[in-house]
Each structure stands twice: as C-alpha cells, then as structure tokens.
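In the two complexes that follow, chain A is the common piece, with chain B as its partner first and chain C second.
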Partner chain A sequence: MVMFVQQLVNGLCIGCIYGLIALGYSMVFGVLRMVNFAHSEFFMLGPMAAFIVLLRFGIIGVTQRSTTLATSLSPIQAVGAVGLGLLVAVLFCGALGFVTERITVRPLRQKASVILIVGSLGTQIFLRNFAMLFLGRDQRGFPRLLPTAFYEIKGVSFTSLQVVLVAITVVLMVGLVYFVNKTYLGRCIRSAAEDNEVAGLMGVNVNFIISLVFVLGPALGGVSGVLSSMYFEHIYYATGALFGIKAWTAAIIGGIGSIPGAMAGGLVVGLLETMGAGYLGILSGGRLGTEFKDLFAFAVMILMLLFRPQGIFGEAVKEN
Partner chain B sequence: MKGKLLVLTVIVALVATSCAPAATPTPQVITKVETKIVEKIVKETQEVVVAPTAAPTVAAPTGKAIKVIVVLPLTGNITYPMDLGCKACLMAAEETNAAGGLLGRPVFTRCMDDGSKPAMAVTLAHELCDDPDIVAMYGTSESSTQVPMGPILDKCRMPNVPHAFSTLIMGGTNIFQATPSCISFGIAMADAAKKLAGAKSVALIWEQDPCAEQYGRGFRTRSQELGLEIRGDYPLSEGTVDFKPILTQIKAQNPDVVFSAVTQPKALIVKQMREMGMKQTYLVTEGVEDAKEFINNAGQAAVGSLATGEVPPTDKDPAMISFAQRFQAKWGVPPEPTVYVHYQNYLLLLDAIKRAGTTDREAIIKALRETDYKGLVYPVSFNADGTAKDPPVYVYRLQPDLTFTKEVWKWVKATGDFAPVN
Partner chain C sequence: MSEPKSENHAGKSLGAAASGGSVSGAWNRLMSQAGKSKLPIFLLAVFFLVLPQILPGQHWVRVLDNAGLYIMMALGLNLIAGQTGLISLGYIALFAVGSYTYAILASAQLGRHFPFLLLLPLAGVLAGIFGFLLAVPTLSLKGSYLVMVTLGFSEILRVLLHNLRWLTGGTQGIRAIDAPKILFYTLESPRDYYYLLLVMCVIEIFVMRRIERSRIGRAWSALREDEGAARTTGLNTRALRLLVCAIGSIPAGLAGAINAPLLTYIEPQYFVFDESITVLSMVVIGGLGNAPGVVLGALLLTVLPEPLRTYAQTYRLLIYGAILIAFTLFRPQGLLPRRYAARGEEELEISPSKALGPTESDR
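The block that comes next holds the complex of A and B.
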C-alpha cells in the first residue's frame, strides 16, 4: 500500500509537468486545429533562457565540476530566484512563440493543414538545432534554487519541491480557466476556437487572438520546463521531444482543446507511466519489464481515440 | 509579397540549420591545394616546435597527405568527452606531422560526427568507404552506432580501431577493439559490489543499448556466481528521466548496492536515489570516462559511488602528465580520462600504418593484427578475433571533494580481486 501511494505521488508530480505542456498543445489546437510540434521545444528553451539569466545575475555558478547556487540564498531570495527564472521563461518563450506565429504560422494559415504541420515540424527542428548550436550539446545541471526539505508520512516520502510544483500547476490552471472563461480576451479565444470566421464577423480580431494563444501556450511550456528542470536538476537540448509526445498524448486523452482536460490528461499519463514502471513486471509475472512503462499510456490513448475520440473532457461534435 | 518573403526566410533558416556543421557528416576529399595547405601548416608547426629547442631539424613531410578519419558522436548522448577525444586525435596527428609525418608524408585527420544515430553512422560508413583516399578510420565510440557500421567497413576493408566496448561490434576481420569489453566492466562491478562495497544483495538498472545490455549481463552472471542476491532487475525505456517509479520499487526491495548500466542518465539516477532517502552504494559504469559530466550533474549525491574506468590515475605517470599539460596548453581545458585512450589508440592506428609501410588498407589490417604497442595508457596487442589481450579495468571511488583519483583499484580479471593503485 505504501508503495502504491508513493507511486501516486510520483505520478502526480510528473503528471503536473505533462499537464502544463499539454495546455499549450491544447490551446493552439483549439484555435487553429493544428498540432504545433514546435511546442515541445519551448519546454526546453524556457529553462535554457532562465539558466543563462540566472548565471548572468550571479545566482547560479558553473564550475568545472558542477552547477550550483553561487551563493546561499535566504528563503525570500530563493523565492525571488525562482520567480526570476519563471519570469524569464515566460517572457522568452512568449516572445519566441509570438515570432514563431508571425513567421511560420500566419503566412501558411490559409494553406492546406499539412503545410502548417510541416511548418511546425520545421520550426521544431530549427529551435532544437538552435539550442544545440548556441547553448551546447551537453547535459547541464540546473540547481533547485529552493531549499529542499524532505518529508515522510507513514513511509511515503516527498519533498517541498514536489509540493511547490503541484501548487504552481494548480495556481496556473485555475488562473487559466478563469482567464478563458471569465475575461473578454478569454471569450474571444473561445469564440475563435468555435469558428474563426464567425468570430471575425462578430468583431473579434482573430489574428490578435491567435498571436495571444501563441504567446500563452509557449509561456506555459517555458514555465513547465523550468519546473521540470528544477525537479530533475538538469537541462538538455533534446529533452523537449520525449516530454512533448507524452504531453500530446495527455492532451488527446484529456480532450484536445479543453484546459481541465489537458491537466487531467497529464495526470492520467503521469500516473499510468509510474504505475506501469512500478507494477508491469509484477502484473506480467516478469514477462514485461519497466522498459514497457509507456505501453499503458499509449494504449489508453489508442483506446480513447477508438471509443471516445473527444477525450475525457472534450465534447463530441457531429460533422455536417 | 510580404508573406512570401517570410516563407522564404523560414526556408532559408531551416536550410541553414540543416547545414549546421556539427550535425552534417561530409567527408572531405583532399585536393592538391589542401595538401599544400597541410604541408604549410606542418612546416609552420615544425618551425614553432623545433626552433626554440634547437633540436636536430626534422624533415618536413611532403607529398599527398595520408587521410585517417576520426568518427565520434559529437552530437547526441556523450558529446563532451567525445569532443575532447576528437581534439586528442587532432593533436596526435599534429604532433606526428611535427615529428616528420608518417612514411614521410603528412597525416590529415578530420573528426566526423555520427550523431549517436545508427542511420547517420551507416551513411557515414558508406561515404568513408567510397573515398579511396581514406586509409583508415578511428572510432566510433558507441556500440549502437559501431555495430551497423561494422559490415560496411568490413566490405570495403577499412582498417578500423573503434572505441566501443561491446563484443557485438566484432565480426569483421578489419576491426580491432583496443579497449576492455562491456561484459568485463559488468563483471568487475559485480566483484566490486561484493569485495569493495561488502554487498550481499544488489539491484540493477540498465539501458537497452548493446553495451549496456552486456554490462548488465556481465554483472548479473557474476553476481549469481558470487552468491549475491539480485533483488531487482530493471531495463529502461529510451529517454527516461524520471526514475522514481523504479527507485520506489528498489527502495522497497532494499538491496545493499544499486548498479546502473547506463550512459546518459547515471547522474539523474543517483540524485533521485538520494532524494528518496536511499543510502545504498551506487555503482556506475563509464562514470570515470565522462567524469566531468557525471560529477557536474550529480554533485554531492554521487559521493562514495564506485565507477569503472579503462584508465589508471592520470596524475602519476610522467608521460600522462606531459600529455595533460600539452592538451591543456593547446585546447585550454584538461583532458577527461577517456581522452588519453583516444590519443593512444589513434596513435596505435598510425603505428600500424607505419609498420605496414604503405597506405594499402589490407596491409594496414595485417599490421594491426600484429600489433604490440606500448601506448600512453596501457600496452595493446590483439587476440585472433581482434579483441584486445587483457586490457585493464580500474574501479574508482568518488571522494567528497568530487575527485576520483584518491581511491583506485585495478581489477584482476583472473581472480576477481582488486589491487590498490594508490
């Protein structure tokens, strides 16, 4: 039982990261009906940008042997450092998302959808190679920034960082739900997601809304990247691809276009993955090892596409 | 118009990216002009090296350059030590040229990137084979890329000294593995678990890579022979960064040591272990080979870890100290332990060409087979199948000051014992 609860804790944390990335996929798909493959790279670039700024500010230091905090930070300074890292990721990824939309999406928007997809794939390759060429090909350490306390309740262990990760995710999701449902811009996003042309006829500046979505989505990707880098204490130019595919799976499972759906999908994928790693060997009598942990998540995605293609929170729409 | 311009800009940007030098293997055909440039560089180098010491003048190498290509993963999983390995080979070529060249001719070397990708490596092997001017190849360094390259290189009879450890790379009569095998590293780690860590039970985590599988197999088999209880055996899926689900299982199984046969994420595993309150001794393969990356990423969490290496401590032997000084002076960074082996084995290849007395590939292969080379790190000679005769395996313990060289043992293969080196 202890192990099961521990796996739930593990799954919740990784699920939050998948969920935040999935939000970006979901928002762009909701408005443009396109898969933005480049989104996974914002997850990687956010912490890269934060790393450089924190290094410049002297908050973290890189020696030949390790990447650590340059000086010991007081709790308030540590919170400030995390805030700075997140802010840098939001600004950098938001700006990059905006530029990406103007260069690779807007000119191609009226073309066939396959052209848009190829455009986003090209952008993904460009961004990844850009990161590799200019920021290095090695894995680098990324300090936790926050002092990490360890807790154990009845054999189940967790850290203060895990609590922070879950808390930030919840705050972001609640904020985003409020923004989309209760604000004017949010209503504009929803109307554009419903029908671009009709929204335009009703006075919504669709180009602006699409740009906004391309700022918000990557900014969330950047935030999840920083949280993930603090959690796993590393950054690497190729991390985006793997997290991206899991997050895309989460968006499909949760119901693409739905904000709570993306989060729920993220949690489902995270939990399936950890339970897969923890119990697949036991359930299969040793025939299947932990290397098949992704089997669960992708099998659920296929089943979902077959039997409930709109996902957990999506609404079924009949084609006319 | 504006839109078309933007599309054009994107296409140009994408083309520019795809032409990035680090990711695009393009074998170089030496022209007469390039040969002259090489000669000029060699001459200038000699002037710099020879003049101050007033040593007897060495005749400058002339004629068509001898092309020995280095293939290493310069992008992908293990880039940092490989980049330094490439630099070591370039330095070896330059020093050879400064000393009069090879067969009186200059050596031309170029590092090419297999990207840690089998498909890219295969393309590269075909391209190298198609260039008749290339006389030999050093590298590559990962079994997953060396295995598919092997048959292609064998078909064109390319003399090849790889830095990959898996025995699966063997097969062609043109390949000479001058390093220990993955299986021997795994066996050594099982011995270390019992004799250095005092373990009675173990758990292992391994990547699905030709070499990592052999690390695991060697460790598993030897552990059983030693009577160690294997409490957990966990293969990894590619790209895993969250090990907590597996470590949760291992924590419940409570083995004395955790052995990780992985290349890239070994630092992540030990950090997550410590975060979960696991205090087991961590055993890791290749921890010494790419020490900087491992230590940089794991930090204090890795202190006390036992790691294998193919290189003895580098701060004792005068020749190794001299190499480190020359390397530092030339490239501005200290060499990683594995770099010494790249330097040695690249020179081993040049030595075979020298002994062959010709650039004919078949003759070089014959010379390689008869190798008896006293290198910078360890002496090398080959068995009939091309594997090295008794290459050494060392085990290091990472110290609290994050250095590896204070507690080192040489593994005695025949008995499974460890002889302290310091």
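The block that comes next holds the complex of A and C.
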C-alpha cells in the first residue's frame, strides 16, 4: 500500500510535467487542427535558456562533469533563482513560439496538410539541433536550485520540489481555465477553435488568436521543461522527442482540444508509467523490467484511438 | 480566339491535341516526344551499370549501396506521402523490421540459416503487415494522427529492440549475419550489393509507376485531393488508406533485408528516429509524388554529405531541418515536381482546397 501511494505521488509529479506540455499541443490542435511537432522542443529550449541565463548570473557553475550551484542560496534567493529561471523560460519560449508561428505556420496554413506537417517537423529538427550547438551532445546536469527537504507521511516520502512542482502546475491550470473560460480573449480562442472563419466574421482577429496560442503553448512547455529539468536534474538537447510524444499521447487520452483533458491525460500517462515501473517486475515475476514502462503510454494511445478517439473529455470526433 | 493562350488550360481541358496550333502546344509535343524516347533511359541504364566499375576504390560503391537502400525507402514513403498525403514517421522502424527479420533468421542468434530468397519476401511482407496494422487505429481520424501513431511505433520498437535480448541481441545487436546467396552466387563485395540494389530499385520504380497509374493509384490521388469527395464518389477510403500503408511499407522491409547482410551486423543504434526524418527529407526535397525526383533527392542527400562527413555529422540534422523549412516555404513541390503525364505540363498544385482552412470541421 505504501508503495502504491508512493508511486501515485511520483506519477502525479511526472503527470504534471506531461500535462503542461500537452496543453500546448491541445490548444494548437484546437485552433488549427494540426499537430505542432515543434512544440516538443520548447520543453527543452525553456530550461536551456534558463540554464544559460543562470550561468551568466553566476547562480550556477559548470565543472567538467557536473553542474552545481555556485554559491549556497538562502531560501529567498533560491525562490528568486527558480522564479528567474521560469521567467526566462516563459519569455524565451513565448517569443520563439511567436517567431516559429510567423515563419513556418502562417505562410503554410493555406497549403496542403502534408506541407504543414513537413514544415512543422523541419522546425522541430532545426530547433533541436540548434540547441545542440549550445548544450553539446551529452546530457548535462541541471541543479535543483531549491533546497531539498524530505517529508514523510506514513512511509510515503516526497520532496519540497515535488510540492512546488504540483503547486505551480495547479496555479497555471486554474489560471488557464479561468483565462479561457472567463475572459474576452479566452472566448475568442474558444470561438476560433470552434470555427476559424465564422469567428473571423464575428470580429475575432483570428491571426492574433493563433499567435496568442503559439505564445501560450510554448510558454507552458518552457515552464514544464524547467520544472522537469530541476526534477530529473539534467538537461539534454534531444529530451523533447520522448517527452513530446508522451505529452501528445496525454493530449489524445484526455481529449484533444480540451484543457482539463490535457491535464487529466498527463496524469494518466504519468501514473501508467510509474505504476508500470513499480509493478511490472513484480507482476511478471521479474521477466519484464522497468525498461518496458515506456510501452504503456503508446499502447494506451493506440487503444484510445481505436475505441474512444475523442478521449476522456473530448467531444465526438467527426470522421476526417 | 479559340487559340488557348495558356498551356495549362489547354492541357487541362482538352489534352495536347487542343493546343495544336500554338507555340506552347508545339513545345508540349516536343517534350512529350522527348519523354517517350528511349535514348535518355538507355544512357542512364548504361551509366548506372558501369558506374561501380569506374569508381576508384570500394568507398564510393558503399556510399552508392547506401543510396540504393535510401532510394528504396524513399520511393516507398513517396507512395504513401505523395500519392495519398499521409505521412508515416515510423518508416525506419519498418526498415528495422526487415533488417531484424533477416538478421534473426540468418545468423547464429537463433541458430537458423534460412536462404536469402525466402527471407527477402518475408521481410517485405512483415513490414507490409506492420504498415497495415499501424494504419488501423487512425482510419477514421485525420491524417496527422498517423504521424503520431507511427512515431509511437518507432518508440515501441526501439524499446523492444533494446530489451528483447534473446531475440534481438539487445544493445549489442546481432553479429555475423549470413551473406545472401542468390541461387549459386554469394553476394560479398559492395559491388555485388550495388547490382542487387540497382535491380531492386528498377523493379520498384516500375511497379510504383504501374500502381500510380492504375485504378487504385488514381483513387489514392482522389483521396489526397479531397477525402470527403472521394468517399462521395463511392471509393472505399478506409480500404484505400490501409492498402497504401501496407504496400508503401513493403519496400522498407525489402531494403532492410538487404541492409542486414550488407552491414554484416546490426544494432538498435542504426534505426533511430532521425533516419525517418532523412527519408522524409529525401522525398520532400526531391519532389513529393514524383519518382525521378525522389531518386534524385535520395542520391543528393546520401552523396553530398559524404565529403563533409566529419563536419556534417554535427550539422547534418540542423541543415536538414533548415532545408525542410526552406522547401516547404519556397518550393513545396520539390526539385523535380510531379507532372500530370496525361495533362501535359501542369505541375502538382499544392491545392488550397485541402488546406487546414477555417471551414473544416474535422474533429
């Protein structure tokens, strides 16, 4: 039972990371009906920008083998460092998202979907390998920034970082739901997601809305990336691919286009993974190890597409 | 007044005959005759036949072998992407299926040594079956879902290749793969493989051409232009999608079965996702939907990076990404665009009718 709850906690944290990325996929798909492949890279570019800025400010230092905090930070300084990292990631990813939309999405929107997909893939590959020039080919350490405290309740342990991660995610989620459902711009986004053309006729500046979505999504992805880098304590130029596809899986499972759906899907994928990692070996008598945990998300995605393509929260999917 | 000014319109409405009098019509006729003449094809054939004999050393023949494998794959992907507008990103995974099929059944891994001529078609069929299965979950959904499912499949396969040690050898891979024996001749040098690949490519180009112009090929084109309209005219769009994914995947399996003995050992490292991007780049750069263009694209992207090998290794994918973006923006039809043979000179239009426009309600 303790192990179960422990895996639940871990799954929740990873689920938050996936969920935040999934929001970006989901919103872009909602407005444009396209899979924005480039989105996965913001998850890596956010922490990269934070890494570079923190390095410049002398908050973290790089040795040959690892990255450490240059000086020990007081709790307030640590919070400031995290805030700075998140802010840098949000600004950088938001700006970059805006630029990529202008260059590789807007001119292609009226073309065949094959071209749009290829352009998006090209952007993804370009961004990833561009980041490689800064980060190098190998994994690098990313400091936790926050002083780590361990808490334990009835045998289930969790860290201060996990609490912060979940808290930030909840705040962002609530804010986003409020923004989309209660504000004027949010209503514009929803109407553009319903039907671009009619929204345009009603006076919504659809181009602006699409830009907005391409700023919001990457910004959330960047936040997710910074949190994830602190959580796993490393940063790697190719990390976006695997996280990206799992987040997309989460978006599908939750129901593409739905904001609570993206979050729920993220939690489902995160839980599947940690439960898989925890119990696979036990249930199969040691024959299957944790290395198979990555299979779960994809298996569920395929089952979902087969039997409930609209996802948990989605509306009925019309055939093509 | 009845003389059509634009060759496009002439070709479109009434075919070459209608534009008989005009200058552009004459040009069209000249071009179509040049197209029919056997001379360029003959020259090309001679060129490719003697090429490995005149190249100094083995290195460039090896490069050409590689190009041959890529051409096979690119042509297969071209059938899927060019003909129906679906995109598969698990293409290299299907290539891996072919490679491992041969490697497992013709090495010490399981102690089996089946003949090449049996395993080659088996690899093709297996890849076809996987291609078919991958298309099943996305049948009733938009095409871009297929991209994600195939992407997921390549991830699944990667995990399996690394971890099913008894079957795939894990990270170590499979070593000492049998050299293929075709009747009484054992393929050994890169030159032998070159000719095998040349034959395979020629067969593939021929078969693809026949399929494209068949009734099914035209149905696929209809699917690409407007799936809803295609369905309205009574086409079974689901069956067509499944079929194109199955047939288009076969070349990947065949290429894989040739790849395994060519390398003599394989490991999961060879079948990374980046390679799928490479194949897709070849198709897009060469000309989506046009076999000669795709061949050109595959040749360019395998031969050109070769002199810059050490340098290009770091920047290769960065450059691919930039090239992909540049092509989609400035030349979406590729270097050698598709021409509609029956209609004369009209280029493939990347039609706005299929745009992800506002009116689509395809959720």
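As a working rule, the second predicted complex is superposed on the first by the 310 of 320 C-alpha atoms of A that agree within 3 Å, B and C clash if a C-alpha of one lies under 4 Å from a C-alpha of the other, contacts with A are read in each partner's own complex, and residues count from 1 in each chain.
Here is the rule we go by: a contact is a pair of C-beta atoms (placed from the backbone, for glycine too) under 8 Å apart; a residue touches a chain by one contact, two chains touch by 3 or more.
In this text, all values refer to a predicted model and were calculated from it rather than measured experimentally.
A.B. asks: For the combined arrangement obtained by superposing on chain A, do chain B and chain C clash, or do they fit?
C.D. replies: Pair status: clash.
A.B. asks: Considering only touches as defined above, state whether A:104 meets chain B (first), chain C (second), both or neither.
C.D. replies: Both partners.
A.B. asks: Once the structures are superposed on A, label A:171 by its partner contacts, choosing first (chain B), second (chain C), both or neither.
C.D. replies: It touches nothing on chain B or chain C.
A.B. asks: Using the superposition on chain A described above, determine whether A:290 touches chain B (first), chain C (second), both, or neither.
C.D. replies: Only chain B; A:290 stays clear of chain C.
A.B. asks: On the A-aligned overlay, A:114 touches which partner chain: chain B = first, chain C = second, or both, or neither?
C.D. replies: Second partner only.
A.B. asks: So in the superposed three-chain picture, is A:305 touching just chain B, just chain C, both, or none of them (first/second/both/neither)?
C.D. replies: Only chain C is touched by A:305; chain B is not.
A.B. asks: Looking at the overlay, what does A:130 touch: chain B (first), chain C (second), both, or neither?
C.D. replies: Touch partners of A:130: chain B and chain C.
A.B. asks: May I ask you to decide whether A:273 touches chain B, chain C, both, or neither, giving the answer as first, second, both or neither?
C.D. replies: After superposing on A, A:273 lies in contact with chain B but is clear of chain C.
A.B. asks: Between chain B (first) and chain C (second), which does A:242 come into contact with in this model arrangement: first, second, both, or neither?
C.D. replies: both
A.B. asks: Once the two complexes are overlaid on A, one stretch of chain B runs into chain C. Is it 23-31, 221-229, 311-319 or 383-391?
C.D. replies: 23-31
A.B. asks: Need the overlap of the two footprints on chain A, from chain B and from chain C, as residue ranges.
C.D. replies: Of chain A, residues 103-104, 107-108, 119, 122-123, 125-126, 129-130, 132-133, 241-242, 289, 291-292, 294 contact chain B in one complex and chain C in the other.
A.B. asks: Mind listing the chain C positions that touch chain A in their complex?
C.D. replies: By the definition above, chain C touches chain A via 81, 85, 87, 89, 136-138, 140-145, 147-149, 151-153, 155-156, 159, 162-163, 227-228, 273, 277, 280, 284, 288, 314-315, 317-318, 320-325, 327-329, 332, 350-352, 354-363.
A.B. asks: Write out the stretch or stretches of chain A touching chain B in their complex.
C.D. replies: 2-3, 6-7, 10-11, 13-14, 64-68, 102-104, 106-108, 119, 122-123, 125-126, 129-130, 132-133, 137-141, 148, 150, 152, 157, 159, 232-234, 239, 241-242, 273-278, 281, 289-294
A.B. asks: Which positions of chain B touch chain A when the two form their complex?
C.D. replies: The contact residues of chain B facing chain A are 3-4, 6-7, 9-10, 13-14, 17-18, 20, 22-23, 74-76, 79-80, 83, 208, 233-237, 239, 241-242, 244-246, 248-249, 252, 264, 267-268, 271, 275-277, 292-293, 295-297, 299, 334, 402.
A.B. asks: Touching chain C in the complex: which residues of chain A?
C.D. replies: 32-35, 37, 103-104, 107-119, 121-130, 132-133, 195-200, 206, 241-242, 245, 248-249, 252, 256-257, 289, 291-292, 294-295, 297-299, 301-302, 305-306, 309, 315, 317-320
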